[in-house]
Amino acid sequence: MIEVISKETGNKEMVINMGPQHPSTHGVLRLELVLDGEIITKVRPHIGYLHRCFEKYAEQMDDYAKVIPYTDRMDYVSAINQEHGYVIALERMLELEVPERVEYIRVIMAELQRIASHLLGIGAFGLDLGAFSPFLYLFTEREKILDIFEKVTGARLLYNYFAVAGLMRDVHPEFKTDTAEFVKTFRPKIKELNDLLSYNKIFIQRTANIGVLPEKVAFNYAASGPVLRGSGVKWDLRKNDPYSIYDRFEFDIPVGTGEVGTLGDCWDRYMVRVKEMEQSLRIIEQALDGMPDEGDVMAAIPKRIRAKEGEIYVRTESPRGELGYYIVSDKSASPFRVKARAPSFVHLSLLPAISRGSLIADMVAIVGSIDIVLGEVDR
Amino acid sequence: MGMLDKKYHDSNIIIVGLESALNWARKNSLWYEQFGLACCAIEMMATAASRYDFDRFGIIPRSSPRQADVMIVAGTVTMKMASRILRLYEQMSEPRYVISMGSCSNCGGPYWEHGYHVLKGVDKVVPVDVYVPGCPPRPEALLEGFLKLQEKITGETILEKKESEQE
Amino acid sequence: MKTPEEIFEYLKNEFGEDALTFEKGDIGDPWILVDAASIKSVSKFLRDDPGMRFNTLMCLSGLHYPKEEELGVVYNLHSTELNQTITLKVRVPIDEPAVPSVEAIWKTADWHEREAYDMVGVTFEGHPNHKRILLPDDWEGHPLRKDYVPQEFYRGVTTRA
Amino acid sequence: MAAILIHAAIPLTIILVYALVAIWGERKIAGFIQDRLGPMRVGGWHGWAQSIADLLKLIQKEDIIPTNASRFLFKFAPFMMFAASYAAFAVIPFSSAYIGSMINIGVFYLLAVTSILTLSVIMAGWASNNKWSLLGGMRSAAQMVSYEVPTIATVLTVVLVAGSLNLMTVTEMQAGNDTLGFLPNWLIFQNPFLIVAFIIFFISILAESHRVPFDLPESESELVGGYQTEYSGMRWAMFMLAEYADMLLLSLLGATLFFGGWNSPFGDFMGGPAWGFFWFMLKGLLLVFVMMWIRWTLPRYRVDQLMHICWNILIPLSFINLVLTALWEVIF
């Protein structure tokens, strides 16, 4: 057993490894914890256990479009949003027009995916805190979204559905009714979730005042998405830097309020996700109303994309936060460099800053509340 | 396996009965090691969740490798992770089985060509019993993999050595 | 809100012509090429100046330019207060790839810089924990260099199919 | 000698049969709560043979003892844990015709013997030479020692009302059906403070038997497996068995102390020793069912909150309750 003497307290400290195989590290994250009793004095995250060479692959592909399947596999919980970011980056760089109908379908798919991703994130968070049943209820709801996706794209998890300036294929005729049906059945479930888990006394005691992330620290670490909003910052790229057709929809940005504890604690981050699901439903409803019934799903573009020299950084709001693609093109048919700015990567780096002095059980709660996907952290 | 081996080599009825009972127990209580690597882990969770329900077949997760019978390698195995997987396998108690879930752990999958940091097939470090193809495999496919593993266990004998071990 | 050109003019008044160059590709965003030695002071100015207020470092990427035999580091900055965006770029020769670390200015640079070191081999001076991040510590080479050849064995296990 | 063996065999049979049924039952209950089916295949009807298959498999598993473990303690701990809960069954009155040992200090003996559980958990955690196990063992020690206090205080409350430490006597005095004219004479209906006592008692036994929301010693999502992390095969099965036996033991104790033990709820109707056993097990299993229901519904407490609940809420409350009960007894 490795033991060190703490400089501050003089107690003997114990170094313990959490992961890469641990039930609540959400994959293959390894945390090196220095413990004084059960209190954590130091955390060192070690990543790279799922480094799958995405950026190398992006350079090696002989076509810009061939990168799309690999973006899926980055954040496998929200594959659609990853594709969305990448195709938008390419379209903005190449200044391509996207058909109206495509934009609407994309927004609907992306918001459905956001709900699915949050369902998994919230469920896994509950599971980390020992609430097993809510996890399975949420998974059942998620399956309904996957059914819609499966009917449209043919896949359950990794879709490869968006293409540059279009979609791989048109949606099926019942797409609208299926989605509307889902929206109708899902809304009451959010209330049920709040009754079962969000306002559960034990759940609140486990998450309130834990892992508080102040606004200033959040900006310094470039936090984004629900983690930043949990700290009370009204910042959502769909509103602040609109892409696609998000400026046409009416929706609110839910932020943390410190309702049950301190502003920016684990519960706030959790609740932001719950409220975001409602807003996504609103967007889906509006998009279903506005979606044209007829129209092309592919713009007339050359089969093989050849870009000029230049570079661009485009960011979109993925369920986990700001997903940025920094693409550098030379005159060849493949990208010169693609860097994916993954929100999970950034959020994981702020873990040591917010978890010092907490207990092991809190550590689990904090990791769950920032909702990381290791595929995206390691890429 | 000394005396027993010689004495009852010709399919004694008691031994056969005992053997099939033990095989029946082993195949019906496959507890899997609860660890996921990548995308396939999400499908593994979906298989354990309410719609597909692993528990129907008596398959439940255990978080400690000591109590697990089968390791599902669900996802891409990287060079950094390979040694950990080997160690987890070594920590499991016999009899143990390995299901390789998804193309990545079968052969490297989409990361086969330029994946400098991806192990091209988990069978390079641990012996695999069942390969489940797909990227990621559907939950039904994983269940099928388990049924195949059950078939394999049914054919096992405790007294005679496995064909693969006879050399 | 300022455009990149205005930001460049603003910076030029402060740091002079030598350290900064304004560049733009045929397509996409423009960027400011900054002298490696002054990147830290430029960053600090950009963060603290009332007209700039770049409080977040959105992204930091490492690049390899095989033709020029240079390595590059790109900083994508955003100011949430003034809603403006700018890209900085630093280029250093490949045999002496030292860039001052901006970890003290934006904490998020910590991991990004480690990744840039890991992937293309830029070394960051003054970084508190200058180690590989994604790849194991004993890995050979920097994979995102264009001339990278993967090692055949890693700890006795083949990396080939 | 034969009498001793029979006396030993009866509780053992009950425990083993109960454990097989309860483990299967828990999976079915979990399935029901979670909108799924639970075991369906093994043995045909609703997977009734699932636990048998699990047991047979666990017998076949390799028995791993880590190299650096303290071998004797590591091997001994599971058996000691089971022995502790098994021994306590001696004073449980299963029916009017059967009790293992009719000693006059039954309650005292039961509480003393179950304290050994704590020791075996620490032994297992320490001997494994694994940090997670050690943390689990330490948590468990703190938890069980703390929750012993409110348990004992509430049991004392009942003893105060009943006036006997012998569980058989306590049960016998709850016979009949004339509280308020229609309710059975169970102790829980005798006195309002005993309802409070039961609630405290139930919370404490949840903690004593490591059930959610107090399952910190083996909490999967934090400590992997707690003190059980390094155990495999039969030794681990012994832990499981001991845990389920402990659950039953404490539930049966609760049934004896508060719900009339083997007394029928309908007075003499469906009375007699055989029905007595039926009623007793039914009451005990109902409490076990509630424990399972709670397990699949609630999240888990944190270790300091657990201690807070015990020392700042349950212990003062249970002692105040004890005093108030004493006053009630004096006045009425």
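Order of writing sets the labels: A, B, C and D. Residues in every chain begin at 1.
We adopt the following convention: contacts are C-beta pairs under 8 Å (C-beta built on N, C-alpha and C of every residue); 3 or more make two chains touch, one makes a residue touch a chain.
Model, not experiment: these values are computed from the prediction.
Listed by label, the chains touching subunit C and subunit D alike are A, B. Of all chains, the one whose CA centroid is most distant from that of subunit A is D. Counting C-beta pairs in contact, the pair that comes out ahead of the other among B-C and A-B is A-B. Put simply, the C-alpha centre of subunit A and that of subunit D have 43 angstrom between them. Once the centre of each chain is set as its mean CA position, subunit A and subunit B turn out to be 31 Å apart.
Chain geometry summary: the mean Cα position of subunit A and that of subunit C are 25 Å apart. Counting partners per residue, subunit A has 22-23, 48, 51, 53, 56, 136-137, 140, 378 as the residues that reach two or more other chains. Shared contact sites, meaning residues of subunit D that touch two or more other chains, fall at 30, 34-36, 220, 224. Annotation for subunit B: residues touching 2 or more other chains are 34, 49-51, 63, 80, 116-118. Subunit D contributes residues 30, 33-36, 129, 131-132, 135, 139, 212-213, 215-216, 219-224, 296-305 to its touches with subunit A in the complex. Contact residues of subunit C toward subunit B in the complex are 134-136, 139, 143, 148, 150-151, 154-155, 157-161. Here subunit A touches subunit C in the complex through residues 47-48, 51, 53, 55-56, 59, 93-95, 217, 219-222, 233, 235, 240, 307-313, 315, 322, 324, 326-329, 337, 339, 341, 345-346, 348-350, 353, 378-379, going by the rule given at the top. Interface residues of subunit A facing subunit B in the complex, by the touch rule stated above, are 20-23, 27-28, 48-53, 56-57, 60, 69-70, 73, 76-77, 120, 135-137, 139-140, 142-143, 146, 156-158, 374-375, 378.
Subunit D contributes residues 27, 30-31, 34-42, 47, 49-50, 52-58, 60-64, 220, 224-225, 228-233, 236 to its touches with subunit B in the complex.
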